[in-house]
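Next up: the structures, one after another.
Heads up, the next two complexes both have chain A, just with different partners, chain B and then chain C.
== the complex of A and B ==
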């Protein structure tokens, strides 16, 4: 007989808990959980985040150096937002940057997502592997690579054009808001892909089939049914990426600082770490507070879109997938599109970085340049410092994912299994770190550590401040992944454990953890890889002792030692490969890459 | 009322919050289940039957009333006492089977004994698990992953898991509703046999009236969180106390009528004498009810008997019987005729009405 398997049954029962949906039953677990220490654990990161935001706003209301006698409360910082031409320029740059990068990311990510899920193109695993690699390679590497490609002075393209036409200076200007947006867009295209691929995969094929049987052609179906159905998800992806764009640091820092083109994040950076040594937090804090409000509004909009798009999804385990069309000879065009992206977005910049690692100075690659090949960059390297960075990075890569997993498990369980109104608050709280610009989190935690908790909890300058901030930063990712897995575990599987006499702890150990194992593993690995590539928070919070590898790369780069930076990058890439392979293995098993 | 009920529910209330305000799922329910009795909670979806069952299991915490299992108060709203499900002397079978997909058949059934309320020494576990699997005729499949099993087999594993601890009370939440029709009937018979052979007090939830009538020693019909009738299957089928039960259990024709005198009802079928509900007076509107299989059709139109005549407007062949729809002036009735019958659609036929089996509802 053709009975559904348990897996299908459990899948069939689940839907992502849209913010606002009420479960018809399931109060027993909520009560058991709410009364337990789990709630305290779940709330802890939100309290930390709140403290960070509060101190940020508090600083924005003062002029003069915070913590000294000259500090005075005033609204002057907010006034400067409208009157200060430099700040206005920063705002303009930020907007251009965010718009360009969102556009580029979607122009690449959306078609590739559609091609992958809705055509018979093979092998799909290869496309997934290429795109997830893009998601995990540190953007700093790409930024450095693109500097070697398109920098006005040393860039490959400009050098070639200057030689070709006898120009005085390079015509391509990477160091503009639009140029940086382009590179950032390339690094975020995989994210756009991941966000869009989900909707094409889970779209109910009956909806399209109904259009076809009503006599609509393929093209009409695409325009009148498929894309309108995908619109909330696409708009959601757009907002999600735009919010990231408002506050992203690494690429504007690597490319923009040397050309004196500032966006919000780099502006905050130069004010917090000015050359004269006296940080001026006031105006950046005011700007940041405004940014928080904007990002928060956008995030609420995003949540709205997410909820709308989930209405169109099928999450039954019936095993059908969306209809796929045969692209015929267009398959070549599809591959060209994907491969061109892969080359210019990933391969070329990385190869250039690798090349520079073995060059004594920045020089465009050519046959002539080969006689300059040298290992000097590796030999002169401060190995003691690099190893300290490596040690810190590895420590963080082990501790952060573990803590994140425990906290996210508590939150997800409370959110998925309880029916109280409070759970929406919890769910939103867990998602909040995504809405707060990461630069704000970095500066806020710096201020918190330096001015508030220094005497009680001297974590500034230690690895623990990074642990704390990273946990908060990756909580949304882990919680969302766990939510969508946990919702697929039928509540009755837990209830059966309870009526079989298993205590709460045993239910977790014998039923929940084994069932969630693939997700738990892949969330762990992904968080670990994301820690590995993190630079924004690190740049603000590291000092001599708690330095991480990306921060060392950044430090060398800003000191003008581009080739040394490239050499360290090569070391990081080599270490990165096995991790990447591991992540592919687990991403395939749990489909996590689609649950970002 | 039994002397020492194993399950005793008093004044049970449960309210759920929803986006449209609070919903009272269970309103003040009293129910007793005697030792080894098989009681079925029957009702349409949303009637509170599952909520009642889940309160007994401890999966929901009631907002009022008390529940006793085997003389122990497991839940009392007034004293605030609440025994969590894992410490109640129960076994439960779920609608979705809820067999743990990461464990095989044997491990599924063994887990309550290794990690549950009753932890047996290792030596006894195998014996108990095999005995339990034998009862549900799943011995020999103990090393299979449960995900490889058919729905019916999974349900057997779920049943074995629920009875392996030899609980006082077996709770079943629509356990057969996910199975296909033939298997459902087969499992129904077997379930009854197993429950009888191990001697367990059972509370069973279903929306399927045929299942309720065939399984239950006692059937409890519910609607909107309230009990409409508790009685033997025969009681429920033959003596429904109100229109809801009459309509929900089995098929029933309803005919609007009016009281014209003591024990007299005028309707499109003519004047009938029948027992009236107590609060009926002359002139009040009532509803007559009669089951389709108590009606007969005749080809001969016999004006002398005054049998009403109508047209057959539809026929559905059911195998062992056929169901006809007869259109009469002012009313359309369903008539169920056993065996083969030669009436065809469009044919005129007269209706033969029985003397008894009539119900009258205000």
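== the complex of A and C ==
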């Protein structure tokens, strides 16, 4: 018979304080826990998300301007999904875009992850820095740069091919669904890298070693052992990225709108900000509802894959190192692969944006154009506007990660410390915002603020609507990171604190926070940087008083002031570089990348 | 001696300065006296409000730079201290949709002034989004006699502030000499296939489909032939995509002003008016009924009708109001009418849009039809 734990002994003595009994072995949804403020906080973002989804479904059942007498209940919007060729084309484009994007992201991210974790290549820190920088650069900047790289008429690549082969028009079409998917894939390759790094780091090497000992070649071992072992995790990463692709806005907006190529997110955008008449949310809402169901199904599959992939992991302790392969002369090829990606996926687009920032008007990059270099875009900048955007962006970068951390802490504690099945429901609820397309969350919250809560909570056009939506959007990221870290802290530490008479707040402050500090800091910084680069939600919800820097860049870009947009972009990158450097430091320390 | 002379000179300077001051004060007092009580009330209201929120379309009025200069001159003229809060908005129609939505949901407007063309102002009138104001009681400058059109919109939903001739914008490096279009047929040449842009709201086409211009049948046929030439959709002001060579031409623009503003930066941009029809696209300013700073908004509109306001509009916006004597736009229109005497001619005003609406000319139906052909939507 096992010796009683501290908790069992204390429970028997009846000295455990009230909060210490919050997690009885049998009673996740016990009355005591239901009354817990932790649960109330944990459920809050889920209630908000549910309200947003309900609004979206409600709108999908109406025609006419919602919230007014003109609105009529009807199923016509769902009928239009199948009968409207434009909507069918949007669906086709979305599918092509998401498939190409996922493929490109994995083709880049997966090999680099393998090279980093399973070979002796050095310095690994440099590869991490090169890859994670990409994750933190706003995709809108990359899209702007790529219009100068691969535009059919003025792109560097097409111009070179046209000159070389005497072609009339450029063969590379960036303005297609596949072209946009390619660029988006490049921007999401760092995410694929981060998701796959964990797989290769924790994968059990015993089978690989056995295969090699049995005389299997490296290539056969890779195909017959390594990849099959990693398959569930890779499939999980694939689904995770594909779900993002179903609702990505930035790149399809910058590249696709002028090419008349629409995906789901840009279709919702043109209906919310139409060129003819008042906003029409009905059909986009019906499409969004269908997308939610698809994304939910994919997310359930993803969670299943994630669990399956954990079977093949080994628990790593101090001194553990999976066997690494010496790439020999192939190390050069490995570096070429990484550097080529870094240059075309990140450096070149950023350089082209910087070039634009110092040009008086939009001009394709060339040596001849250098004589036009000017500071005019910075000199004529409306600094009040930029500083207003900066102020809002910084405010969001401080408030959102802080609130996210508090809520994620509550959720993680309940999920990790409870033993009841109900915790999976809470865990799934916390992950739901990833499944719901961000554009749906943005429009849903806009309608919620405009028509439902306007008299009780007047947040339309304020920064608080952005705070609310951003918190919901980044909750899955923070919760997953905290879950992984919290699971490593033995519950007896908390029980000991409770036995010693520490209050809940003091236990959190004196026991949990010090132990979780690296993860908390890292999650805070990363959430902050994700807020800094966010554009999708901002574009839909932006107004006079809550305008953010990415929304200003977007506004200038779409209104024909590409050079001013580029100038603001350059300022943004310079201003937030220190935060990026800080994120590298903490990401490595807390191994956050392994917990995404 | 020297001292006496110096004093004398100083005295003369003082006397002259006093005289100037008195004359200035007299003139200013006279000008203030010329202002109506209604205007004085608006000025007082604007002083209290202190802010003018602007959700703006493209770079009209020279965007934030131009508007800041205009507000500065307005403050000087009326003794106000109104501060500009500028936010980049979207196109006329997209901004209109947003403002109507805000109005109908009982929210405060995102802007204190709305800038739009005839159709947008009419939509503002129909939905009640735009405030009805007795502008003639506020404007200092009398309405010109025998003007081509009425400057105050029906029921006082805003005022016309400028007019601009609509045409085709082209990249001067790509479209040269005989290639510069003089007719709308010229853009249909095979060499331009896929190199022509139009706007996502197909501006120009549906207006030309009106019975008094080229007619629906002609324009439907034309657009069907134009479709293969279209390589993309850009807003009226996204001329950076023409300047960069991404598109060789934009048919139609919303007015010549955008091209002129781009040319100032040295961009290779040209503008041409096709011989079939000369459209003078009048743009208007109105104050949303749910504006947060309505007096500042009204004062901004009123200021555009002063001589100084019109000069600044020309300087920063590259347009002014054709009905005022000596305006740049008047001269331009006269030049075009002389060049193309057989061209159909039209002033696009809210009054005309309202009349068409009453006569059953469904401009919005044309727009939807042409959108369907060109965008498939």
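FYI, the second predicted complex is superposed on the first by the 529 of 596 C-alpha atoms of A that agree within 3 Å, B and C clash if a C-alpha of one lies under 4 Å from a C-alpha of the other, contacts with A are read in each partner's own complex, and residues count from 1 in each chain.
To be clear about the criterion, a residue touches a chain if its C-beta (ideal position, glycine included) is under 8 Å from a C-beta of that chain, and two chains touch if they have at least 3 such contacts.
Note that this is a predicted model, so its numbers are computed, not measured.
After overlaying the two complexes on the shared chain, residue contacts for A:510 are found with chain B alone; chain C is out of touch. In the overlay built on the shared chain, the residue A:493 is in contact with chain B alone; chain C does not reach it.
Shared-chain residue A:220: touches no atom of chain B or chain C. In the superposed model, A:124 lies in contact with neither chain B nor chain C.
Chain A is touched at more residues by one of its partners, and among chain B and chain C that partner is C.
Contacts of A:501 after superposition on the shared chain: chain B is touched, whereas chain C is not. Residue ranges on chain A touching chain B, taken from their complex, read 1, 3-7, 9-10, 13, 20, 22, 24-25, 27-28, 31-32, 419, 421, 490, 492-493, 495-503, 506, 510-511, 514-515.
Listed in rising order, the residues of chain B touching chain A in the complex are 16-19, 50-51, 54, 57-61, 84-88, 90-92, 94-103, 111-112, 115-118, 146-152, 154, 158, 161-162, 165, 171, 178-180, 183. Residues of chain C that touch chain A in their complex: 53, 55, 57-59, 63-65, 68, 84-91, 93-94, 97-98, 100-102, 104-108, 110-111, 123, 194-195, 197, 199-201, 231-235, 237-241, 243-247, 258, 262, 265-267, 364, 367-368, 371, 375-377.
Taken together, the chain A residues at the contact with chain C in this complex read 65, 67-68, 85-86, 89, 147, 151-154, 169, 175, 257-260, 270, 273-279, 360-364, 372, 376, 380, 382, 384-385, 388, 450-451, 454, 460-461, 542-544, 547, 552, 555-556, 558-563.
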